[in-house]
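Labels run A, B, C and D following the written order; every chain starts at residue 1.
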Amino acid sequence: MILDAVLLCTAALIFVAILAAAVGHRAPLTAPVYAASAAISAVALGFGVCTLVTGSTGALRLPIGLPWLGANFRIDALAAFFLVVVNLGGVAASVFALGYGRHEDHPRRVLPFFPAFLAGMNLVVLADDAFSFLFCWEFMSLTSWALVVSHDREPANLRAGYIYLLMAGFGTLVLLLAFGILAGPQGAYDFLSMRSQHIDPAMAALVLVLALIGAGSKAGIVPLHVWLPLAHPAAPSHVSALMSGVMTKVAVYAFVRIAFDLVGPVDWRLSMVVIAVGGVTAVLGVLYALMEHDLKRLLAYHTVENIGIIFVGLGLALAFRADGLAAAAALAATAALFHVFNHSLFKSLLFFGSGAVLSATGERDMEKLGGLIHRMPKTAILFLIGAAAISALPPLNGFASEWLTFQAVFLSPQFPQWGLRFLSPATGALLALAAALAAACFVKAFGVTFLGRARSDAAAKANETDGASLTAMTLLAGLCVVAGLFPGLFTAALAPVAQQLTAAQMPTTAPWMPLVPTATSANSYGGVFLLLLLLLAGALIALALRLFANAATRRGPAWDCGYPDPSPATQYTAESFAQPIRRVFGTIAFAAREDVFMPGPGDLSAARIHVRLIDHVWEGLFAPIALAVNRIADAMNPLQFLTIRRYLMLVFLSLVILLTVLALWL
Amino acid sequence: MAVSEAILAQVMQAALLPALAPLLTGIVRKIKARLQLRRGPSIFQPYRELARLLRKESVLANNASWLFETAPLAVLAFTWVAACLVPVFGPELALGSAGDLIALTGLLASARFVLTLAGLDVGTSFGGIGSSREVMIAAVAEPAMLMLIFALALIAGSTHLSAIAAFVESPALGLRISLGLGFVGLIMVAIAENGRIPVDNPATHLELTMVHEAMVLEYSGRHLALIELASSLNLLLYVSLIAVVFLPFSANLAIDGAPPFAVVFALYLAKVFGLAVLLAFFEVSIAKMRVFRVPQFLGAALMLTLLAVLLRLVSRSL
Amino acid sequence: MTLPLDPAQATVLIPAGTAALLLIVPFYRLGAAINVFAALLTLAAALALFVVRPATGGLLGVDDLNIVFVVINTLVGFTTSIFSAGYIAHEIEIGRLTTASLRFYHAMYQFLMAAMNLALLTNITGLMWVSVEFATLTTVLMVSLYRTREALEAAWKYFILGSVGIALALFGTILVYMAAQPVVGEGLPAMTWSVLVAHAAKFDPALLNIAFVFLMLGYGTKAGLVPLHAWLPDAHAEGPTPISAVLSGLLLNVAIYAILRFKILLAANAGAFAPGPLLMTMGLLSVLFAGFMLYRRRDIKRFFAYSSIEHMGIIAFAFGLGGPLANFAGLLHMAMHSLTKSGIFFSVGHMTRIKGSQRIADITGLTSSHPLLGWIFVASVAAIAGLPPFGVFTSEFLVVSSAFAHRPLLAVVLVVGLLVSLGALVLRVNSLAFGEPTGSVEPSRMTHLPMLLHLAIVLGAGIFLPAAIAGWFQHVAQMLG
Amino acid sequence: MSSLNFDTSHLLAGGLVLMSFVMLYQDRLPSLINTFALQSAILALAVAWQALVQHAPHLLVTAVIAAALKAVVIPLVLRYLVRSLGIHRTIETVAGIGPTMLAGMMLVALSMGLMLRATATSDIFAREDIAFALSVVLLGLLVMVTRRNAVGQVIGFMSLENGLVLAGTGAHGMPMVVEISVAFSILIAFIVIGIFLFRIRERFDTVDVAALDRFRGDRQ
């Protein structure tokens, strides 16, 4: 019943897409299309929520796709949860685009693909057989690719789209191999029979690795993340929000579906791989982000970090499950999924903010921004909430989910295996490092963009963004706060999912009561308590000031140790803000080198500093592949230009060889 | 302990810590002065300074935003709430369930987040220096702190300060090498987080060396007062954290059941004083290090705490 | 119902008769019209095969294998005739062709149709060989239509290699006869599919093996499998675009179809060796080779010709892999590829005539300058690259997944090949369809209907595959073993 | 009787193979053309003999075609071409005559070894004929790939086709041999016309990379 309704919603989305493509050239459809997408996504969101609450499941087999297989769709707790994530992002993005989309100069390149993209993500979550799954998966990639290359006049975007589509194809083929193993020689492609059949551990391990690679390449785990910071910023900002905040989560869904649902029990050693990959991804992702000064690319890189955190949680869940520690597994899984939800909230929020800045100033480069807190106060405060949330600061939601992840890490002494015992705390340290660096990263992002003095006329003349965009951002910011104050509400909603994945669930408390990781643990975290305390403290302090302090305030020039300089150029830039961290971590991570040119005495030329970073992943992995392909292509090319006699020689030789083989073989 | 007493303890602590914080600063300064063969100001000098600042009018830069104005209040609030989570007077606290050590670290991180933003707000070069160096130091300090928490959690089986305090007071605790390592690590982190020598010098305004002071350079009047109070409260917080976790002697003088409150309080003051002396000795006997050697300093702390964790794991699994 | 001649015969005779007629029609417009009309009639006759399936036996025989390909053949023949009408008119305008050569062209077109339909429909191995040979001759003539040095060069290369291939195929055919003759006796029965398949089990396996080697190389040359592919790219690049569409879309299919026919014989004979490894080797060779060759192509038609080689490789690999799934996938891939690739050649024809150049570098930003054409092109390339929601995705999905279940290593090689060619395709689409438009931006006056039709069918097949067609394919897949 | 039949067909088929070897040996065009004419004549005889033995009168048509077209007409035309197009008389061979002959020997051995074992079951005539035919086909191919000269290659192809006709007639009661040989004759006619039409002088593999730069449009 609900399933049919959701499928109808996706059908409606596709219809909207077709409509936009068909009549787009006659009328400007921006408002209708986005309004329709928002409405439909809202409906689907509602259905997802009530499925999650009622815990009802449904399956459906449409007579399309492969005749003997059909298109199977199924909605269960897991699917419902991701349905919520997808459609929440869909609603927000559509509402935001109601305002933002008006700045689009080629709406016809965006409008048809946006609803189709939404539909694709919905269908991936619902698909219940390998064929429909990959079909929708690749459809999702294709539509998002079209959105990435929507501003096709910039060659950079085309390059981004190129790399993106290649990586997407790679991921799909890898997943295809995984499903090939799961389906077995008889080609039992529907998930039901995949669950029922038991493949031997070695094959299961292979499937898990393939799933990690295939889904991870779309989620952006290091070292398969290279496309992500290129493609996400290239798209229009509301699409960037969807790709970064939602599509990566669909990839996480793919991994969860295969690793927890389809392969069955997996060896604990593999979970170590997942955990390690997650930890490394988290730290490298945030380091990349810190080195960026393009706002949207910074956000995209930062997605990599959060994906790392999520994968650490999932890996821990796998490990606990493999060792039969159900409660701990439930905690880890809930933490990961809760972080999935949270990240989809604040990452979309932040991309919306960057979009608002982009449409107000036409700038993505932070070095040309600054002082926007005065010009765009509302956007600033909303962006600040998002930044604080993503930096895992209490009492916001980012902290809640990271707190849960840490609690899961603290349960690692229960592991019987040495490897896991040592790996988990180390990963915990990596997560802490990532969290601290994330805070640094967003101090930089917010501070350089919104604080200080304007670094360009565009920034100085920026105007507050439109109402629709603000509405969308306010919605997400509000949710960030609510999820931070009442995490119990959401962990309770995630209980059925955890039940489905790990056959256990976190202890559920009343939403306003503190969060308790496991039934046996004495630990607790009550976001709302903290907020009340903070408000109380703030009120008391304010009162004290009112009573005892001199309230007079005078405005004057900045003191700056007595040497104030009017030029905005003397402010700290994004580069220089990251310089200490670059000095500390960059030398290892990026072989960072600073060449300083200091003019000699009496020389009036300007001093220069040139910073060089090397992306080891690109240089070490992808550049060689590209080089190899080109080499081989060059080496083969002459075969196009042989003489007819030589071609005949080929035919003749193959004939003789085959006959000889036969003669010897007979 | 009954709930009522827990609430009482909580309120007392909430009121006492901010009141005592400037005193600790004063004491440390005094001892340092004496060790440097100066007479030094009275130990109540910090109170006078706060009063003076509160009396003065506050000067804001022309382009300072609302964030710059509200930051001091937020910083103090975050620090204060964090301080309330440390059970200085016996393990039971009414607000204990609101947050654990991780929450405490998070609250302090929030305070730092706001302060570093404030440093960037006016758009002066000094604020930038301060903020960027501060986040760099924090980036190394926080993992160390978390590893420490992890070690404690492994020993006490909980990340909860009340539980940890209760456990370390209980006779069940034998001598633990991990605890020793954690102790050193926590001290190093505390030094870094409070901007003490050798990481930072709270008493200097020399451009190249200052970190914390550079961030708050633009503040004056009541705003500066709040920030000063917050930083001294931060110092007291760490000191009492060390006192609670690593100097658990209150249990021994339990006459019948729970020790009388006065005794506990006196004992607490004694611990704090002792640690203040220790800190003063340390600060006068060591020179400030270059900013880019700080990561190595804190890296050592991280290594110590990580080692503590691993040893803990070993000893548990043996 | 009693027709004067049953649909099968009609499918062959209508184009044959039209060819004769067209030779004497002087006006090229009328010729084009007749061409389209005849193609439509043929299509109707082919569709009639669904309704009245004539009894197998005699010279022609209709079964599940060829019925689908006859329909596709006539369909693409029809759409191509529409496309070629507009295309040729333009060639006349710019004076690349004379009316005399056009008369010849149209006649040859119908003659080619007749030959291919006969090759698909005939029940006699010898007759199939004859028709394939005539198809070769006609296409040679059409490739050399422009009389440019390149065209002659390409035609000659095609001619020589094709003739050798034909010769080898004939030798194989004779060997099959010799294998059959002791069992089913002398004369026509020993050359009749229905009889051969029935008695294949008792044939001399050794002879069958040698025969298959010759047939594989002979018809494989026509199918453009590496290393027998040499003629294919140039023939595609230098001939008129409609002929490129027919070559890629239909003639390659006919060649593969011939190989399949004989593979069925081998499958039915227990003693004969499994042709799988041979097919798979040549298939993978083709995929990898074509994939890498794509990167250095500068001529857009040659580019897509290499992509055809790649897809022939995929098809050969699928059939070599065997098993119901892979065979099904192979058949589906044949159908999808011929529709998609001919559609792509239509759009390429539009571009080349708009921009007046076949060089990829001269064509950019189509989606900006010609949105409809550009997006059709993008969609078609997405389809040929095996991306959903198009039918090629279905077949590639089945091929790769079933391959990985049986032969993981080969599947990995195949995946690498697919990725390599995907890279090349996307690279070219980027430069062709996006970016700043250059060159002439005059709207294309030719109709977009054929492309849209093909795209629609491929899309439909990707989303919903009619049970009847699937049933036939599955039945054939069983026969292919 | 049967032994006579067998010996004769054996003799003729062997003659064809011999002629192929002679072709491999030739290094001048006119003599190559003559050899081909001779081979075609022998083929005509062999086909006629088969017609007699198999009581298949329609094979005579094939024999006549072979005799008329390939033994007489085409050689004349080729001579005319060589003269009118002023084609060099000497043939460039890729490898020397010796190695080529050696390769030919191997090919013959291969085809014999293959066929005689493969066709162990079928009747004796077919075995002989098919084995010889295969060697003729392979030798024809060998001529094609070892001669750099267009006419030489064409002749190689035609002798290959002779082998095919031999195989076709050797296969007892094979239908459509006539049709096939007619179709093939058309093909050959095309090739010969092609040489004339396409003005192919010395060789049709002058395709060198430099030339491609000019007109293949695929290198610049």
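As a working rule, a contact is a pair of C-beta atoms (placed from the backbone, for glycine too) under 8 Å apart; a residue touches a chain by one contact, two chains touch by 3 or more.
What you are looking at is a predicted structure, and each value in this text was computed from that prediction instead of being measured.
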item: Required steps from chain A to chain B (each step between touching chains, minimum); value: 1
item: Touching chain A and also chain D, the following chains; value: C
item: Most widely separated chain from chain A, with each centre as the mean of CA atoms; value: D
item: Dominant interface by contact count, named by its two chains; value: A-B
item: Cα-centroid distance, chain C relative to chain D, in whole angstrom; value: 31
item: Length of the line joining the C-alpha centres of chain B and chain D, rounded to whole Å; value: 100
item: Geometric centre distance via CA averages, chain C-chain B, whole Å; value: 78
item: Rounded Å distance between chain A and chain C, as computed from the means of their C-alpha atoms; value: 44
item: Multi-partner residues of chain A (at least 2 other chains); value: 640, 642, 644, 648, 651, 655, 659, 662, 666
item: For chain D, residues contacting two or more additional chains; value: 114, 117-118, 141, 144, 153, 204, 207, 216, 218-219
item: Set of all touching chain pairs, with the criterion as stated earlier; value: A-B, A-C, A-D, C-D
item: Contact footprint of chain D on chain C as seen in their complex; value: 124, 126-127, 129-130, 133-134, 137, 140, 144, 149-150, 152-153, 155-157, 159-160, 163-164, 166-168, 170-171, 174-175, 177-179, 181-182, 186-188, 190-191, 204, 206-207, 209-210, 237, 296-299, 302, 358-359
item: Residues of chain D that touch chain A when the two form their complex; value: 94, 107, 110-111, 113-114, 117-118, 138, 141-142, 144-145, 148, 153, 203-209, 212, 216, 218-219
item: In the complex, chain A residues that touch chain C; value: 25, 63-68, 108-109, 130-131, 134-136, 138-139, 141-142, 149, 152-153, 155, 158, 161-162, 165-166, 169-170, 173-174, 176-177, 179-181, 183-185, 187, 189, 629-630, 632-634, 636-637, 639-640, 642, 644, 647-648, 650-651, 654-655, 658-659, 662, 665-666
item: Of all residues in chain B, those that touch chain A in their complex; value: 54-67, 73-74, 76-78, 80-81, 84, 95, 97-100, 102-103, 106-107, 109-110, 112-113, 116-117, 120-129, 131-133, 135-136, 138-143, 145-147, 150, 153-154, 157-160, 163, 205, 207, 217-218, 221-222, 225-226, 291-292, 295, 302, 306, 309-310, 313, 316-317
item: Sites on chain D touched by chain C in the complex; value: 114-115, 117-123, 126, 130, 133-134, 137, 141, 144, 153, 157, 160-161, 163-164, 167-168, 171-176, 179-180, 183-184, 186-187, 190-191, 194, 198, 200, 204, 207, 215-220
